[in-house]
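Starting off with a structure, shown below.
Chain nomenclature is as follows: A, B and C, assigned in order of appearance, with residue numbering initiated at 1 for each chain independently.
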Amino acid sequence: MIQFENVNKWYGEYHALVDITETIGKGEVVVVCGPSGSGKSTLIRTINRLEPIQSGTIVVDGKDAHSASLNINQFRAGIGFVFQQFNLFPHLTALENCTLAPKNIRGLNASAARELAIKLLDRVGLSEKADAYPAALSGGQQQRVAIARALAMQPPVLLFDEPTSALDPEMVGEVLMVMRDLASDGMTMVCVTHEMGFAREVADRVLFMDSGRILERATPDDFFNRPQHARAQQFLSDIRTPFR
Amino acid sequence: MIEVIQTYWVYFLIGQFPDGPLGGLTLTIVIAAGGLLLAFPLGFALAIARMSPWPILSWPITGMVYVVRGTPLLMVLFWAYFFLPSITGQKISQFSTMLGALVLFNAAYLSEIFRAGIQALSTGQFEAARSLGLSYFAALRLVVMPQVMRNMLPSLVNQFVSTIKDTSLGYIIGLSEVSFIASQINNLVLTKPTEIYFALALAYFTLCFGLSRIAFWLERRLAQDESRSKMHRPSKPTLLEQP
Amino acid sequence: MAFDLNLLLVGTYHDWLIQGLRLSLGIAGITLVLALPLAMVVALFRLSPVAALRWLGVMFVESIRNVPLLAHMLFWYFGAPELLPDSLKRWLYAGNIEVLSATVALTLYTAAYMAEDIRSGIRGISSGQFEAGRSLGFSFLGTMRLIILPQALRVTIPPLVSQTLNLWKNTSIATIIGVGELMYQAAKVESSAFRSAEAFAFATICYLSVSLILTGLGLFYRHRFPVRSA
C-alpha cells in the first residue's frame, strides 16, 4: 500500500530522513515511535506530500507521491490525515467540517454528504454534536470530529500524527477507542503515537525511529519484550516508568 | 526633462525661499512635523479626559473624536479657510489654517493611541509608581508615558507619514507645499505633465517609504528588546520582591 | 447673515448639493466594488509561494500607499492621459474624464490598504488550517476560498469597514480635479451665493452621517459575528 524507497529529506543542512526504505501493506496498522525530533512527523508528512523530499520515491496505492505530474489534490483526497492539533475549521460546525470536502471534491449532493457525515459522526460517537462549533467541543471530541472528517473522503489509508498528544489524559481513551475500531475494520493506518498500550494491542508492526532513520521494525511483542537496538532499549526504559 | 529638473529643482525643494516664503518639499516636512508635534499636548489631554471617570468630561470628548474621525480633513480646511473669515472678518494664512487642521486631526488620533497604550500598560506599573508616593500626574509623566511613548514610537513614525500625505491638501487652499509647487511648475512648463506629476509622486514615495522603513526597523528592535528583557527576568519572584 | 435652512431644502442650491451627494455616494460605491476583488488578488499575490508574485504585491502596495491620494489624482488626471494614443485621449476627454481619473486613483489607493488588511487577516490563521485543507485534497485556491478566506473575513471585516470609511472621506479629494461631488458642490454654493455656513453644514452632516452609519455597521458586525477560535 505504501512503499518508501531510499527516501532522503533535508531541512536546509539538516538531514531529517536518511535512506528510508519500508513497505506498509494493505490493512496493516503500523505504529511509528521514537524520541522527539527523530523525524516521525516528517516521515508521515512526506506520505501525502505536506513535506517535499529530495531523493527516493514514495508510492501510495500505486501512485508516485512526489512525481511532478501527479494530480496532488486528487491524491491527497485519497489519504486521511489526522493532526496533533486537530485543525478543525472553526467557522464550520462539526457536521459542516465533515461535509465540506465530500461536497466540494467528491461532488456529493448536500443530502448525500449530510447523510454520510451523520453516519460518521455517529460512528465516532458524536451524532448529537453535529451542529456544535469546534469551540464548543472538548479536545477529545474535536479530535473525533477530525477523524470523522478524514473518513468522510472514504480514504483507503489513514495517517495519524500524535493524535492524542494535545489531549488531557482523561480524553485520550475516547480517541484511541475510535482508532481501535477503525483498525479492526481493516483500515490501513500509520500512527505516530506514544500510546504504548495502543501499539501493543492494535499494531501489526512497530517502527522505531531515531535521528531520521528507522532503527528497528518489529512486531509489538518483539519490540516491547526483546528490543534489539540499544537506542530502542533506552527509549523503552525512558517511557516505561509511568506506563499507561 | 533634464532641463526642467535643472531649472526648477530648487523651487521644488524650497519654494521661493529666501526671496519669498518657504515652500516646496521643505515646507511639506516642516508643516507635517509641526502638525504632529504640536498635537502632542492636546492629544494627551484628550486621552486623559476620555479616561476620566466624569461623563461630563469624557462624553463630549469621545463625541468630538468621533466627529473628527468621520469628517474629511478637507472639510475642516474649508470651514477654517472660507467660513471663519466670514464671521471674524480676518483672513487666516494658509499656513496657519493647514497647521491648525492638522493639529486637530492628529490630536484626535493621538488620543486614541495614547489611551490604548496607557490601558495596555499593566496597572502594576502605575500602582508601583503610586506606592512610591508619586502623584497621579507624576506617575503618568515619569513612569507610564515614557514606556507608552517608547512602545508607540513606530505608530508615531507611521502617523508622521500620514501627516506628510495629508499636507498635500494644502494644494487646494493655495499653500505652497510640494504638490502646489509641482502644479505651478506644470503651469510654467505646460508640455510635461506626466513627468512632473511622476516626479512629485516619486518625491513623496522616497520620503514616506524611507520613514516607513524606519518605523518597521523600530518595531523589530522593540520586539527584540522585549524578548531580551523577558529572558533576563527572574522566573520566580525573589524574596526581595515580597512585601 | 442668518443661517438660511430653506436654502438647503428647496431650490437650485439644494439641487446642486443633492447632486454632489449622489455623485460622492456613486463614486464610493463603484470604487468599493472594484477595489475589493483587486485587494483580494493583491493579498493572495503577497502570500503566494512564488517570489515574483510576492514582489509584485509588495511593489503595488508600497508604491501606492507612500504617495498621497491627491498626487495620485493629479497624476491620473493630468499625467496619465498624455501617455495614451490621440484617438483614445479624444474619446476620454469627450466623456467624463474627471470622474474616471478619480475612480481609478481611489480604487488603486483603497485596494492597496485593503490588501494589507486582508493579508494580515489571512496570516492570522494558523498554518494547520491550511495543511488540513490541503490534506483533504483541496487546491491552494480551493483551500483559500473555502477554509482560509471565510475565517479571515471574520477578522478582516472590521478593518475593511474602516477602510470604507476612509474611502468615503477620500472621495472629497476628487474636488481638486473638478469632479462635481459633494465637496465641490459645497464650494460652488459658497462661491456663487456666499452661503458657506449652509453649504458646509450640509456637506459636513452628509459626511458625518455616512461615517457614523459605517462605524455602526462595523460595531454591529463585531457584535453579531464574534471571531470563532477552536
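Note that in this section contacts are C-beta pairs under 8 Å (C-beta built on N, C-alpha and C of every residue); 3 or more make two chains touch, one makes a residue touch a chain.
Keep in mind that this is a model prediction, so the values were computed, not measured.
K.L.:
Determine, using the mean of C-alpha atoms as each chain's centre, which chain is farthest from chain C.
P.N.:
Result for the farthest chain: A.
K.L.:
Of all the chains, which has the CA centre nearest the overall CA centre?
P.N.:
Answer for the innermost chain: C.
K.L.:
Averaged over CA atoms, how far is the centre of chain B from the centre of chain C? Could you give it in whole Å?
P.N.:
Computed value for the inter-centroid distance: 23 Å.
K.L.:
Taking each chain's centre as the mean of its CA atoms, how far is chain A from chain C in angstrom?
P.N.:
So the centre of chain A lies 47 Å away from the centre of chain C.
K.L.:
Let me have the rounded angstrom distance from the C-alpha centre of chain A over to the C-alpha centre of chain B, please.
P.N.:
54
K.L.:
Which stretch or stretches of chain C touch chain A in the complex?
P.N.:
126, 128-129, 131-139, 142, 146-147, 150-151, 154, 228-230
K.L.:
Would you pull the chain B residues touching chain C in the complex into a rising list?
P.N.:
The touching residues are 66-67, 69-75, 78-79, 82-83, 86, 161, 164-166, 168-169, 171-172, 179, 182-183, 186, 193-198, 200-201, 204-205, 208-209, 212.
K.L.:
What residues of chain C sit close enough to touch chain B in their complex?
P.N.:
Counting only chain C, the residues touching chain B are 1, 62-63, 65-72, 74-75, 78-80, 82-83, 165, 169-170, 172-173, 175-176, 183, 186-187, 190, 194, 196-197, 200, 203-204, 207-208, 211-212, 215.
K.L.:
For chain A, which residues are in contact with chain C within the complex?
P.N.:
48, 50, 73-81, 83, 85-91, 100-101, 104-105, 133-135, 142, 149-150, 153
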